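Alright, structures below, take your time with them.
Next, two complexes with chain A in common: one pairs it with chain B, the other with chain C.
Let's turn to the complex of A and B:
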């Protein structure tokens, strides 16, 4: 604002330093998780690596060949010292090589994760943002009308939806829209009869198939948002500066913005954190709607004892959560001046 | 802090008309709060006049209705409360009780400035002070925002602050005393000539209190304001107020020129209040707490005198009939005993109070001399 001449804040350096600290801690965290990952795979009862190697030899491979084939699978050689194996494994991670899947021979874990992630991230992101926007807006109304009937209805609907488990909601919606009133497909990502490509038909089919999962994500988290926003708005409305703004004769629009911005602040953190959890996939929802996302992939890898795939999926979840935590914290630094200056004085 | 009384008029916001101090006449004002037990009165039948250009102090214990009275001046009593009767006539505005919507919003801030308690946070914590100043300007259709910012800087400068720096700060970067001065700036920057200060020095340290009080007096004189100061601190009133109204249980029990009221209190409650103030010199035991507790919304007696439960001069009449407000010289007092001429006996009466009363050693300064203000001010300076 030119009128006031914004004082140069030493904030930028502080923010950069904060970010650097977060990144260092995040990397350390990922290192720990991958190491644990390695140790677990290495120590699983029955030693799947040795078993695999022996099986290949039995099938007639030369020991050398069998060794290399096993290494491709798990990312490290079955023979050799623990440290050599560990170095091998970590080296592979650096080049995003997570080995090959056991259950789907020849498929790279990285590729499988990437393919599945598309089917999880986009619908969950859509569902989360939809419910966030809707929940926050309705939460404001629920707070303003809290002594009226509208407020009661909104709050009760929020509590009800918040209390229903995701899978019950998924089954319920599935029953309603695929059986009772069959207007939506109940499984898959698109009609298999339609050629995938950049056609309107295919896109329409994609959207149709994504509707139920997205709706379930949205409804399942909507209750939480409306309740959180309502209580946040009620708290801010009781703050003295809102009464002070009224007594200064500020317009309703400006006062509304004061309330909204102050009330939404704590919700941003929850939003960022919940976006990190999204890589965990919604196992129940994807299972129920046979939607080939990360949740389903993880489930399949567990039932198929596909350790390489399992390890890759866990790693992805870890990285996503670490990043989400960093984003949440940095976001707060940017939007709340109090946190910013706390950093400056530190 | 240098005071420059000469230059005030030139740099006031260009589209604010040069106004003079308005007079305020509060007539028969009653405010009720809706509770599960029905509507209960927080303020009942108050008649109070703020002559143009004066500082009026309102004192009373917590729950005596003084803040409700202050909010009534802006027709801003918060639900579940509402103004149930009476009028608040402000020169140039009319009866604010009848104002609604946009009319009311425009009157707030522009005609009537309101200053919050220091410890309370009256600023949006997420926005720099300057941005909030611009919000204020836009809300009131100020055309020249630059002039508004200049005016704000000047006001802050006059109060001993670095205006540019303060406008660039967030609330959390300012101390309590600075925030209070920012609050005063916000109340004055649109050139409001009626200013209401609700507990302006509560929760501030002694030195800051003294500074704020001096600023209030200076700005009041410089700008030619009509000022209402709400406080529980008799010392504050003694220092700044020309006139004083004492509230108890939602009623004004005594009002008049500050010197008269503090120097020669007539109402037994006023006397009790003054006696409860611990002196800086002498025996601490000389301060006598008022026995009993002030009434709450639910325990205010519906009939008779509100103070009778704690009154040393209580008579049979007090339980049944509300004492009328009667003029005694330049003063208005609502007490049967004073009316009945028992004044002379008062010196001996009512000194048997226990130490457990809630009469509140809130006030720190004594004022039993005829020249109440001088004594209180002297005591304050010693402490500071």
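Let's turn to the complex of A and C:
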């Protein structure tokens, strides 16, 4: 026991040191990206208030009335010099105050992001994990049976799906399941006629509305997983330890486990990064299915030149990617003994 | 156990994501027929579940005609902007000189919480409107067409007086379009001394300025105000909203509740026209307000059982506008030549076959309004029918040179005409491409340049970055509004505190760069001054001014009108009937207004 304790201690310290380094670099990265974003966002051309003015005039309001009616919106634009705005913004970040929205005047950006994140994270997470599990499993089979018909079918299906853009898949699925064979809702998050709450009916409606976005996420990334896994498995199959296992007469099941465990390592990194990227939402998918997640929110904020909302959305994406990178790296340390032992010996 | 955890997690998600819900004590089913009426809000794209139930908020979940009420509903009249259907007001008397309007409120109307709708509610609503500065309410006394006094006569009667300093014919409309909210919910936003402050603000000097600042300072508070629940005086109240839909239920306290057919109204979210097309093709919508639709999609929409199209007047036109501070568009002969080269019928057929009709000519007005205002004089305007020979004459008169079948600038340098449009406006883009193609056939090197979105387009247009670009004109029905598009801020005329000034091209939003004075029938006129006069002139004088401005626009062509919009609406008669007929003056109003007026019946 004492021996184990002695051995574990330097390992834990190495991991903690590694984590601390990652966190410091991550914070620096967030600070830099947030500052760059701030400058870029403030310099995006376009006049959202002029667009609102035009809308009012179009609806019959006189130009002077529309001018007065839109003047109030200037109150929601950032005030002061760029430096003052920057100081305000960074000060606000410390208290998680991302300011107020311009397109929905008065609404807190933090609340809007939180509301939208729910509609992105859960479906994208479900879709990504579904495609990962399927893709990895099928990838192993495609590699093992690469000389047979099943291997060909799996590889071709992977290549085809990998080559089809997400929005094409979304449109296709939408056309099939909402128009040709209308069994699924094509937009929204739940049937408004059902009282929200802890009921099977409402949960069913949520699942029904999330089906098409989740299916699109899953199919869109499935091809990538199957191809990556197949390639990784084929590489591992050529390793000496597999040959040794075969010569030792180990069963196919055990060899399969050896192969899968080793081949999946690089995919975990990609998975962790994919999960970080999911905070960016899938703009096309959310737009096509009117699914009000972060992607759609980001799109709307850019169209409406909602600086505060844009800044908040980009910040969330940045933080998510930085965290995903850290998690991917730490995960590697945990699941790959070679990395761990390398750290310990260092 | 794992399965149980999964179900529990899902149900928790359901609870967490349960969207804002408003309890509505004054709601009930029954009466009028029942059923769910499904539509979209054509006044703004999308439903924002984060937005408050606030009619002053551009994204507020207060839907005009349903749970958000005006004093009266403006009729879609060709020439008169002051005709209304009853709203919160049952009747009204307008002083002959439009110096005041006295409104009598609906006698039996109540808020959805059962309290009566009173003149005090109207007064508080007007106070809130002053903080926003829209419609008839401005703090600056020199601004035209604003209210100077609000007097509660009795519980059901209120009189609003127009400022005598700078009266306008738009005052009455401004008053009628006042959003009315309950004083017992919103009243606390106004300080106790608000009306004294307002009186001071409408004066002169430092004290007035301080009062104006104080009142304007309330604006953000008002626009961001989020009542805990919907208290509506309309036919419906908001029950709940999620990011994809809003549900409104019938308000049994509404004065005309017995004639309100649907029990519920469902408003669907949309982010673009293609989603509305899908809803229509699926037969989900009982009504969709004006939506641009390509011919192929239109065929699919009308194939859906129950779907039909109702068309009517829409006081909006589309034009190719020139920046006259750029060569060769400063030369009227060039502009005329372009007008003779463009076959507007062809452009309209390509760009807006269902939602537009080719402009008869350029007058600054929609052809229907122009015919009404100008009478026979409309037919005397130059129609600029496609005529390549005349175009060639005009280009030669401008000194342009034709070499190798291509037109060049007078000094022989190449002439490249860039036509700008915002990329998301598919009809404008198709129209611009058709124009470029026609001009190309005539030897003019024309290209279409798209801008990523409308806010950017407007900014670059105002900054004078474009030579030519598509632009909305003829925005009526008020003649003042119509001619502000041609002879207002975009063309250098600015109205400050009742005083008009003309700024140089390229400055302060003057991107059209036209001359300050033009000659019409041998007389020098200032079109900007005439356009401003339309705000206060009596009808006979308005006619005269419109005649002059139409001639000025027709001869000088600051824009070439392409097509006049047609209000193309979609209705589905499978569930409800009684929709307005073609050319009805109610067509530009929301379904909520049709329903509250008792027009819509359950099938």
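Keep this in mind: the second predicted complex is superposed on the first by the 283 of 346 C-alpha atoms of A that agree within 3 Å, B and C clash if a C-alpha of one lies under 4 Å from a C-alpha of the other, contacts with A are read in each partner's own complex, and residues count from 1 in each chain.
Going forward, a contact is a pair of C-beta atoms (placed from the backbone, for glycine too) under 8 Å apart; a residue touches a chain by one contact, two chains touch by 3 or more.
Being a predicted model, the structure only gives us computed values, none of them experimental.
Residue contacts after overlaying the shared chain place A:158 against neither chain B nor chain C. By the touch criterion defined above, A:261 lies against chain B but remains apart from chain C after alignment on the C-alpha atoms of chain A. Of the two partner chains placed by the overlay, neither chain B nor chain C lies in contact with A:276. Of the two partner chains placed by the overlay, only chain C lies in contact with A:71; chain B stays clear of it. Contact with neither chain B nor chain C is seen for A:311 once the two complexes are overlaid on the shared chain. Legend: residue contacts after superposition of the two complexes on their common chain; A:57 is shown touching chain C, with no touch to chain B. Shared-chain residue A:107: touches chain C; no touch with chain B. Taking chain A as the reference, the larger set of touched residues comes from C, when chain B and chain C are compared. Touched by chain B in one complex and by chain C in the other is not one residue of chain A.
If you check the complex, the residues on chain C that touch chain A are 7, 10-19, 21, 36, 43-44, 46, 48-52, 57-59, 74, 81, 131-136, 138, 143-145, 170, 173-174, 216, 219-220, 223-226, 240-247, 264, 266, 268-272, 275, 278, 281-282, 315-316, 453-456, 458-460, 462, 472, 475-478, 480-481, 484, 488-489, 495, 535.
Interface residues of chain B facing chain A in the complex, by the touch rule stated above, are 74, 76, 78, 105-110, 114, 116, 120-128, 130-131, 134-136, 138-140, 145-146, 149, 164-165, 167-168, 170, 172-173, 183, 186.
Residues 1, 3-7, 239-241, 243-251, 254, 258, 261-262, 265, 335-338, 341 of chain A are the ones that touch chain B when the two sit in their complex. For chain A in complex with chain C, the touching residues are 45-48, 50-52, 54-66, 68-69, 71-73, 75-76, 100-101, 103-107, 111-112, 115, 118-119, 122, 178-179, 182, 186-193, 195-199, 202-203, 206-207, 209, 287, 290, 292, 296, 300, 303-305.
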